[in-house]
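Presented sequentially are two complexes of chain A, the first with chain B as partner and the second with chain C.
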Partner chain A sequence: MANLELFDQDLIDNPSARVPVCLVLDTSGSMSGDKIDELNRGVQLFFNEVREDEMASLSAEISIITFGGTVQQVVEFANIENQTVPNLTPTGRTPMGEAVNLALDVLEARKKTYASLGVDYYQPWLVLMTDGAPTDDITGAARRTSELIQNNKLTIFPIGIGAEAHMPTLQQFSPKLPPVKLKGLNFNEFFLWLSQSITMKSQSTPGEDVKALPINPWADLTL
Partner chain B sequence: MQTFEWKAASAYVIGRSHEKEQTLCQDRTYTLQENGIQVIALADGAGSAKLSHLGAEAVVRTVSHHVLKQFSSYKEMDSTAAAEQLLDVIMQELQQLAEQLDCEKQELASTLLFVASDGKSYVSGHLGDGLIAELNEGLSIHSHPDNGEYANSTYFTTSKDALVRLRIRSGECEQVGAYFLMSDGTSSSMYRKADDFLSPALATVASWLEEHDEETVNDALLQNLNKSIRMKTFDDCSLAVMTKVVCSNQSDD
Partner chain C sequence: MELKALLDKYIVFIDTSTWLYPEANDWITEQLPQALKESEKRVRISGKVVEEVTKHIKNGDEALSKQAKQTAQLLNQYHKDEIIEVYQDPDDPFQDQAILAMFMKYRTKFPLAMVTQDRNFALDVENLNKQGSVQSTNTILVFYIDIFGKLMRWDYGVKEHEKRMQSSHSSHQGQAGDRNERSDRNDKSERSEKSSKPKEKIVALPLGTKVETGLDTELPVSHFPSEGESVRTDAFGELQLMKELGKGGEGSVFLTSNGMVCKIYTKMTKARYEKLKLMLDIPFNKEGICWPQSLAYNSKGECIGYMMSAASGKVMQLSMFHKKLLEKNFPHWNRGHLVELALTILDKIKYLHDRNIIIGDINPFNIMIKDYNEVYFVDTDSYQIVNYPCPVGTINFTPPEAQGMRYHEYLRTFEHEQFAVATLVFMTLMPGKPPYAQQGGGTPGENIKNMEFPYPFGDSKGNAPDGVWRYIWSHFTYKLKEKFYQAFAENKRFSTDDWIQMLESYLYAIKRGHSNDEIWPMSNKVSEENAVEVTCNQCSSQFVMHEEKKNDLDAQGKFYICNACLMKNKLTRVQRDEAAATSSAATGKSQATTRRTSSFGTNTAAKTTTRSATSAAMQARARANSRSSTASSSSARMGASGNAAHTSSSTPVVVFTPKPPGLLMQGIKFIASKIKK
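On to the complex of A and B.
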């Protein structure tokens, strides 16, 4: 059957469908000490885990927006192999609303880039982590995330860190699922879970409901 | 004067994702020829539906036999009426199967692609993702994938808007040398979305049927899907092809 063989050079290489993930991280002054150290370790682990997984590394595209004093996109969407993991430092107040608005803007822009290049993509993910309460108005940002979620255009993971995290605020961003409090400072477990979830998402096929992995390794589920 | 006939081959293989999860291949293909009419059909079972491989199998078989039998009337029918009639047939089959399996019809959801032709005319149908291509003077797309916004969204036989999403077409095809059906797994190796480009490998596959019998090409498709095409995706892969081949040279006098 030697003459009935297709060769790799005859076949087309399409880019993998992308999973755009935006981490919106609280780097305000209250995150000083162990919290920011553990968050930095968790983010580093997250990048390592995604890079090590064949499918996730081809599919995941990660951006990081921080809100501590000012709002900054410290990591822009790109191939993960070309990205540098930042060292986050805590400072200033907590402009959460502005940060979420920027995250939604960059996710929307990324989707347009994919569409213009003929690259398929999955529903964007937004991870919002805070240890406190916002110091700006979140009304507009919360309305935007709620509308997107209701229209199945966004998945949000609102995570509270420590006892001072204002969970009712996080709830405003997430009309379907309640926010979850991180168990202690188990950032590593959370980011491990996130990378595994991306792997599952990136292999999902039409009509497939991706079952969420159990969150108990990192979530504080006590009432 | 030369006369022609259709020859067809098809194959489907499990994707690496389903293999890893130890689940079943959800793609199915079917070929059927009777009375000079060739039908090829392909269905990709919905990822979330546990019995969608059985739904896909039932749909390709039922649609192939129905369209072959009703080929003349589908050729003349308005596309909306044709979609209504075909979807009725599919729903009856899925309802019956659901009762046998004691499950909901949604558990049997799949996409659907088919082409039927007597050599002069064709009838085609497409619901959901995957791709139908044809070989005329060159390769061209007969029917594009119909996805939602996201990579893992499309339309299935049991979708509430299946009727408006089922695209039935008919027309002349005397100049067409081959038709191809592929699931989205296979189209990731055969179709470049960015510039609507089809791989010349499709023409190569079509030419195999000119020189080899259908069984041999079935085997070759299976081997190539396994060895090359599924390595470029995590999804199940399937391909069906029908090629118009010279079957005799008759004297004009």
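On to the complex of A and C.
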């Protein structure tokens, strides 16, 4: 069908409640080298894991927003079967505030789509990863996430990568859970954990208090 | 007994319920008249039949009114053929009582028979056989028409299929409960003894009264065996743990050397131990319920889990709760199979309920489906046993009054459970769609608390989810819709027996071709007499539309758009809105950022597009989409609004003239004249 991307029949046919997940990833210049390679491998693994789990593949919907120079929605929400994972390349500065704002807009719009078609959904998850400090003003975006989190309308996973990651900034986005520093470049462990947490979530009903799995395998607990 | 033999020997009465029973249609329009003519006999009806039929024509809902209209015509035909006679006691308006009195009076003189679908009435008539000082040689026979259109004997108010079910798992509580309304308890027990063929005695556990305390007290365990090690069991001796089959929050499940399965916990609590002992104490033997068969111990003799029979199949959620899963796993199923599957599941639930066992956490992850007639209930150790609650649950299967309560802190009631059963039946027939999923609305928990059931029934229009779900609903029989509506909008609770009866008649309607056998119908139900074929102005396909709807569209000069196109248009519109919402919010800013980055001069990945470019591309696709169809974008909009109009009338679009037709009036006049005599 010519308009495949705009016409996602699965939105109607699939009765499973959806878990919208937005990955907001730092692709600024400082991510060059091993970091971006490991991140790319991790994201790839994440998509494969979700695809392979029958329940998660019916429930999870994934979007990716990158901030590296520009803010780009490199993967739009869709049925995961129809999505391709781009190779991320590092460049430019770190407009984190704008990226989080876009992520919130995108998630809000997706929820509206679910509601207007009568599809049940969970409150969205936002994964925010950075190896540095923002180059734009994050106060507006941080206020938005904080408000959503206080009203149980969003779960955020702020992750710091490497020694330069500015943890106090990440803390501003997350009034409930403290940010976590990734152990080394264990992106794979993180994304494996994330897909397993989605699987658990997808076996509950929206509104149920499902705790994410323990974070030990990928978190740097010396923080 | 052969119908002809019955008519030769007996004076046969037919009650209104049978005249109006859709599944009796064949019997009453073909077999009975023919047999009557051959025997030169007449059936009898009471005047009540005429009154009730007339009342239903005027006041019934559409389906009932249609049925009543046909019955009136039929009565007229019977009269013309001189195969019917009306019995009327003009002094007694309470016809049931009049008939009973008449039966009482004449039962010694004449052999009498009654055909009725009404369980209570059947029981009253049957009871006449036991009353009075004179033991008559004539036994009054009471019949009903079963879901396959066959004439069957009532047996102490119990239908044949129910007796079958009783003997298969020896239960009679449900029926006994039904009968309570009209008979005292002593009478009931006497009857159920008589009705029962040889059967084992049901040992029902007492219902819980208050949650046991100290549930979390942990019992010391030195070692939990794992794969390759062995366990000791009371019933099966020492067994090897061959292979870990699965792992959950509470523990792991292993295949053992005798082919059975062993669940080993990660910690042993007093509650688990005591509950398992209670479960092992009662006689329990039901195929497909993986009930504990024996405790399992480690080498030190500490209890660490239990043995059960192996399950087979895939969890319900992953077997069938998506069109593509259902088509992959059960490619040959049709709707009848879904109903049979629901009946298979209900049969097991009934077995549990008869023993006062409340499942508690009914959900599609602890039922495994092998086929429509083979299912397995797993995780039975979470069931509520006396004062040990079921500590888990899910929102969708929790009734409004228990939303927000903590599962391990209260004992569930049968009323709670009945809500879960209704939800499971709904989600089986609408594969995977929870009853309260809707357009707009709140979270699932909020929707349940507010009893916001979105499917249309009667005057309630509803905001049902888009797509096939509405069509499935529209094809349900009236009775089934009514039942779901009562359960989910009016918060009525129905017993497992109620659902079994409901689904048996739905299954029958499907098998007889009275109800759609498709799992995924493509459109709302349109009765044949009102169907007109039109061409979709958008995709040029032929489709069927209700005549009135076509007239409306014609009057307003609007196009005909088929369901597939309506859906496509709506999806396109919704997704375009989504794209627009995220692009407009940021256009200015992101362009600025783009310019800014260009000064950094590094490459942007060729695969990625900037946000504004993405949305522009999406809009271009959207435009291309509406151009590619024959309709303009305005007609697409029309289609969408047409959709709203279409769906607002999405209860079966079957319309009847309210005025009784001439033939019917004649029939009523005839019967009235008869009554005067």
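What we mean here is this: the second predicted complex is superposed on the first by the 204 of 223 C-alpha atoms of A that agree within 3 Å, B and C clash if a C-alpha of one lies under 4 Å from a C-alpha of the other, contacts with A are read in each partner's own complex, and residues count from 1 in each chain.
To be clear about the criterion, a residue touches a chain if its C-beta (ideal position, glycine included) is under 8 Å from a C-beta of that chain, and two chains touch if they have at least 3 such contacts.
All of these numbers come straight from a predicted model, not from anything done at the bench.
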Which of the two partners, first being chain B and second being chain C, lies in contact with A:203: first, second, both, or neither?
both
What is the contact status of A:163 with respect to chain B (first) and chain C (second): first, second, both, or neither?
neither
With both complexes overlaid on chain A, does A:118 touch chain B (first), chain C (second), both or neither?
both
With the two structures laid over each other on chain A, which partner does A:55 touch: chain B (first), chain C (second), both, or neither?
both
After superposition on the shared chain, which partner residues are touched by A:91: those of chain B (first), chain C (second), both, or neither?
second
See if chain A has more residues touched by chain B or by chain C, and give me that chain.
C
Touch test for A:11: chain B only (first), chain C only (second), both, or neither?
both
Taking the superposition as given, does A:106 touch the first partner, chain B, the second, chain C, both, or neither?
second
Looking at chain A, which of its residues have contacts with both chain B and chain C?
5-8, 11-14, 17, 55, 117-120, 203-208
Along chain A, where are the residues that touch chain B in the complex?
1, 4-8, 10-14, 17, 55, 117-123, 153, 203-209
Give every residue of chain B touching chain A within the complex, in rising order.
15, 17, 26, 44, 46-49, 52, 109, 111, 128-129, 147, 149-154, 156, 184, 188-195, 197, 199-201, 204-205, 208, 212, 216-217, 219-220, 223-224, 228-229, 232, 234-236
For a test of understanding, state which residues of chain A touch chain C in their complex under the given definition.
2-3, 5-9, 11-17, 29, 54-55, 58, 66, 69-74, 76-77, 86-89, 91-93, 95, 98, 101-102, 105-106, 108-110, 112-113, 115-120, 203-208
In the complex with chain A, residue positions of chain C that touch it
317-318, 321-325, 365, 394-396, 430-434, 437-441, 443-446, 454, 463-469, 567-568, 570-572, 574-579, 581-582, 585-586, 589-590, 593-594, 596-597, 600, 602-605, 607-611, 614, 618, 621-622, 624-625, 628
